[in-house]
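In what follows, structures are represented as structure tokens.
In what follows, chain A forms one complex with chain B and a second complex with chain C.
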Partner chain A sequence: MADPLLSILGVRKLFGGVAAVCDVAMTVAAGEIRGLIGPNGSGKTTLLNLIGGQERPDGGEIRLDGRRISGLPADRIAALGVARTFQVPRVFRSMTVLDNVLVPACADHRRTAWAQARGRAETLLRLTRLDAMGRMEARALSGGQAMLLQMARCLAAEPLVLCLLDEPFAGVHPAIKARMIETIVQINRERGVAFLIVSHEMSVLGQLAPRVSVMHNGAWIAEGPLADVAGNPRVVEAYLGRGGSGPLSPAAPGGV
Partner chain B sequence: MRPPVLIACGLGAAALLPLLLGTYPIHVLTVACYYVILASSWNLIAGYTGLFSLAHHAFAGIGAYASALLAVRAGAPVPAAIVCGGLCAGAAGYGLGSVTLRMRALYLALATWAFAESARIVVSMEYGVTRGDLGLAVPLLLPTSSPRPYYELFLVCAAATVAGLALLLRSRIGYRLRAIRDDETVARAAGVDTVRWKRFVFGMSSGIAGLAGALYGHYVGLLSPAAMQFDEMALIIIMVILGGQRTLVGPVIGAVVVEVASEGLRAYGQLRMVVFALLVLAIMRVYPPGLAGLGRALWTRLRHGQPRRRYHRASGPAT
Partner chain C sequence: MDATLLTQYALAGLVIGAIYCLMAVGITFIYSVMRMINWAMGEFYMIGGYVQYLLIADWLGPDRWYLALPLAIAGVGALGMVVQRVLLRPMFAGGIERLDEYATIVTISLTVLFRNLAVVIFGPYQFSPRDYAPPVQLGPLPVNGSRFVAFLGAAALLGLFAWVVRRTWFGLAIRSVAQNRVGALCAGIDLSRIDMLAFGIGVALAGAAGALLAPVFLVYPQSGALSTVKGFEIIVIGGLGSLGGSIVGGLLLGLVESLGSVLISPAFRDVYGFGLLVLILALRPTGLWGERAREA
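So, the complex of A and B:
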């Protein structure tokens, strides 16, 4: 395998005495779509926070393209091409939908030509079919549309090598879900962007991600194609054993 | 009429007012222009960036005293002293912004208020330097005490401030500031160096306030720590809320209306503040867009015969 894009080396994060993430080690290759699953409270969101720089690890190291990013401020990590969405959709509420997607072009530590950024923003809005709402304030969007918008904002970044999506499909109408999947596949194919997707939607992950990683109680417990992982006794015990088959607890909050 | 034509006509008419009005009304309008600058620059930090600083009046005072002391004690030429006063206030604002970076909302308001009170107390205690409550006589900027030339100068400065803020807010910096106001974590995750821009906006708005304060000091010719009392800050807040925050015209309308009204109601003394406070409460509760929003709604109704809808309902699946 080629050098990994993202390497997580023995990363640990403690909240008080509780280890939210405990010695996780995993890698994501450039251009890969990787699923990240695990029961609620298994540390998936904390892991994304550590990668994105919203939290600092208490131990271990995270590397992007061989360069250490753990400990860098979030805006520096973003400048290197890491973008993310949040579990509860977070958009710039008082800005228009179009302006939301233009914010990454205003980022520091990198230079984007405005005309080019505007063109890309409009393309992304068409792709996510939010273009008709471009001039509307983002506060007027529904929950699913806000999810779509924060994904579009995420994809508007340039350079972009890794996109962290935190439960992008939770509580989202099937039509919007299909639009999200389309968008992810297209951006992955056209721009070679890698995705790390936290989700409880096994059917969607099976469709999108050739491999998934599984976390339980802050630790990495398995990795592989979803079908194989689903048969792994440790995973069954931690996760699948509880709720049987099918989509597990969709739209469930938590995951810290 | 297109907006730029309208603005040019308005400014032209304002510039011609000294031909029609007496000395006292022109003085009132000069002070109104001073408040236009303060209210607009406070709107930049509090309205557009969401940092509810309560030290804006203190920065105007710092600028005024720095400039006056440079002119009085060091014999600096007044224009140079005014620029230095603005720079001092800007530097102080940058410093205050740096130490309050992690504070939000109420905590930021308390910290900036504490700073402002400390600054006022220092100015009144250090009477050896500032002459404290005795007041500091300040050399005038222009060789006249007639308010007319000062009025034209303040009008130009106020117009330049609003125009400068308009340009700033339309640039990428404006996007960054609005993003920080709406969600700092997300702004940062999108690559905005929030630390840098919060310091910038503190320095910038305080610098503008300092320049205005310095200019004002060399107009009235006498400084006292009374100008740094919290009443001044309350007045700025009233102007911005009444006029309409997060709009460029709001603070302009608010400053002129409040200053002119409080002169007209001078006979009622401190009761004016009670009236304004009640007005602000009512506006925040009932009609947050303020006078600017009201004006816009009326304008649209006049032009189109019906109120414009703010949002069009989204078509597409409900989720």
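So, the complex of A and C:
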């Protein structure tokens, strides 16, 4: 494999005495779609916050294309091509849907012509099939549509090398979910954008991501194709609890 | 009551109302973007008045008053950006919890500082640049020239402000920050730069009001106190966070004060606005166009 796009090297984040993320090490290759799974409270969102710059790590280092990004402010990390979405859609509710998708362009408006940015935004709205609502205020959207809009805004960033999607499919109507999947696949294929997707929807991840990483109690515990990982005893234990699942429970207790 | 006289007073009310709008729009703009109240707004108004007076009386001469206005506005805006950069930016570092208290303490301290600096530098005297425009005839009504200039200036600035906020890249960035700071940050917007510019623009509007009114009212160290109160009255009337509400509220306050003065008694001029305020609070506690819902 070539040099990884994203390298997370022994990253640690403490909240008070609790380690939300402890010594996680993983890499994501350029153009890869990677799933990130783990039980609730396992530190997945915190890890995304650390990569995106919403939180600063207490230890370790995060590199993008070999360049250290941990410690940079979030807007600088975004300018390097890392965009993200949130579990609760953070859309600009009193703006039109089209303006929402134009916002990333105003961060670098000196290099982007209005017409070009607008063309790009309209293409994205067509791709996500939100184009009919372009002139509506975002507050009129349903929860799923707002998630979709948030993703479209994230994809409107230029440059864009890595998208961090935090539970993009949670509570979303199947039709919109299918559009999200199509969009991710298409953007990944056409622009070579890598995705790191936190989700509990194993069937969707199985479809999208050749490999998934698993976190538990802030630690990285496994990585590989979803089918392999699902059979990993540590993963089963993380999800089902120790001793709760008969033959799948780990042979050696006290491992975690 | 003579209809001509009444119209004249109504017109005078609207002129002052337009200036009040500048103050209120400045307050609500800073609040919308930074979620903080700038209690020193009136002191920036006062400084705008002094700068205008100095430019006209000493540096440029009364003939070039039209140059003095943009210079005074730019000067107050630049001062605001320095204040934001040096005194207010630290409150955004390391946790948002202390934001409100910090902003309140810093800006209230600034009112004390600026007022006393004005006393130290200029003394407790009252200044006024003389009228720079001749009276204007509006139909049958004569209007004081400086007031007329103040009205046109306020209307032009509000128009320019609305254009920037609605039609430019910068305006889009500002609106995104006002609606969702984290979302804007993750879209690559530099919040600290936007905050600094927004604070500068907000206080520049107050400076503009002070500069425009310098020949109409007097310039003295406490001259901003009342204008801060008026600004907040308008905010409560129009609704915090609503730019349209600030404009309607400002014009309404100007009208009520002016008509109250002529119909009842000029001695209670400042009371009529409070009457309106109490009425609005009783009927619509969030103001005419209060925020529909506060967002994180």
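The rule is short, and it goes like this: the second predicted complex is superposed on the first by the 236 of 256 C-alpha atoms of A that agree within 3 Å, B and C clash if a C-alpha of one lies under 4 Å from a C-alpha of the other, contacts with A are read in each partner's own complex, and residues count from 1 in each chain.
Keep in mind that, in the parts below, a contact is a pair of C-beta atoms (placed from the backbone, for glycine too) under 8 Å apart; a residue touches a chain by one contact, two chains touch by 3 or more.
This is a predicted model, so every value here is computed, not measured.
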item	value
Clash-or-fit label for the pair chain B, chain C on chain A	clash
Touched partner set for A:Thr123, first chain B, second chain C, both or neither	neither
Chain A: partner with more touched residues, chain B or chain C	B
Which of chain B and chain C A:Gly144 touches, first, second, both or neither	first
Chain B versus chain C as contact partner of A:Asn40, first or second or both or neither	neither
Which superposed partner A:Arg90 touches (first chain B, second chain C, both, neither)	both
Chain B versus chain C as contact partner of A:Ala78, first or second or both or neither	both
Touching both chain C and chain B, counted on chain A across the two superposed complexes	52, 54, 73-75, 78-79, 83-84, 86, 90-95, 99, 102-109, 114, 153, 157
In the complex with chain B, residue positions of chain A that touch it	52-54, 73-75, 78-79, 83-84, 86, 90-95, 99, 102-110, 114, 129, 132-133, 136-137, 140-145, 150, 153, 157, 171-173, 175-176
Chain A partner contacts - residues on chain C that touch it in the complex	169-170, 172-173, 175-176, 179-180, 182-191, 295
Contacting residues of chain A [partner chain C, same complex]	52, 54, 73-75, 78-79, 83-84, 86, 90-95, 99, 102-109, 114, 153-154, 157
Contact set on chain B toward chain A in their complex	172-173, 175-176, 178-179, 181-183, 185-196, 246, 310-312, 314-319
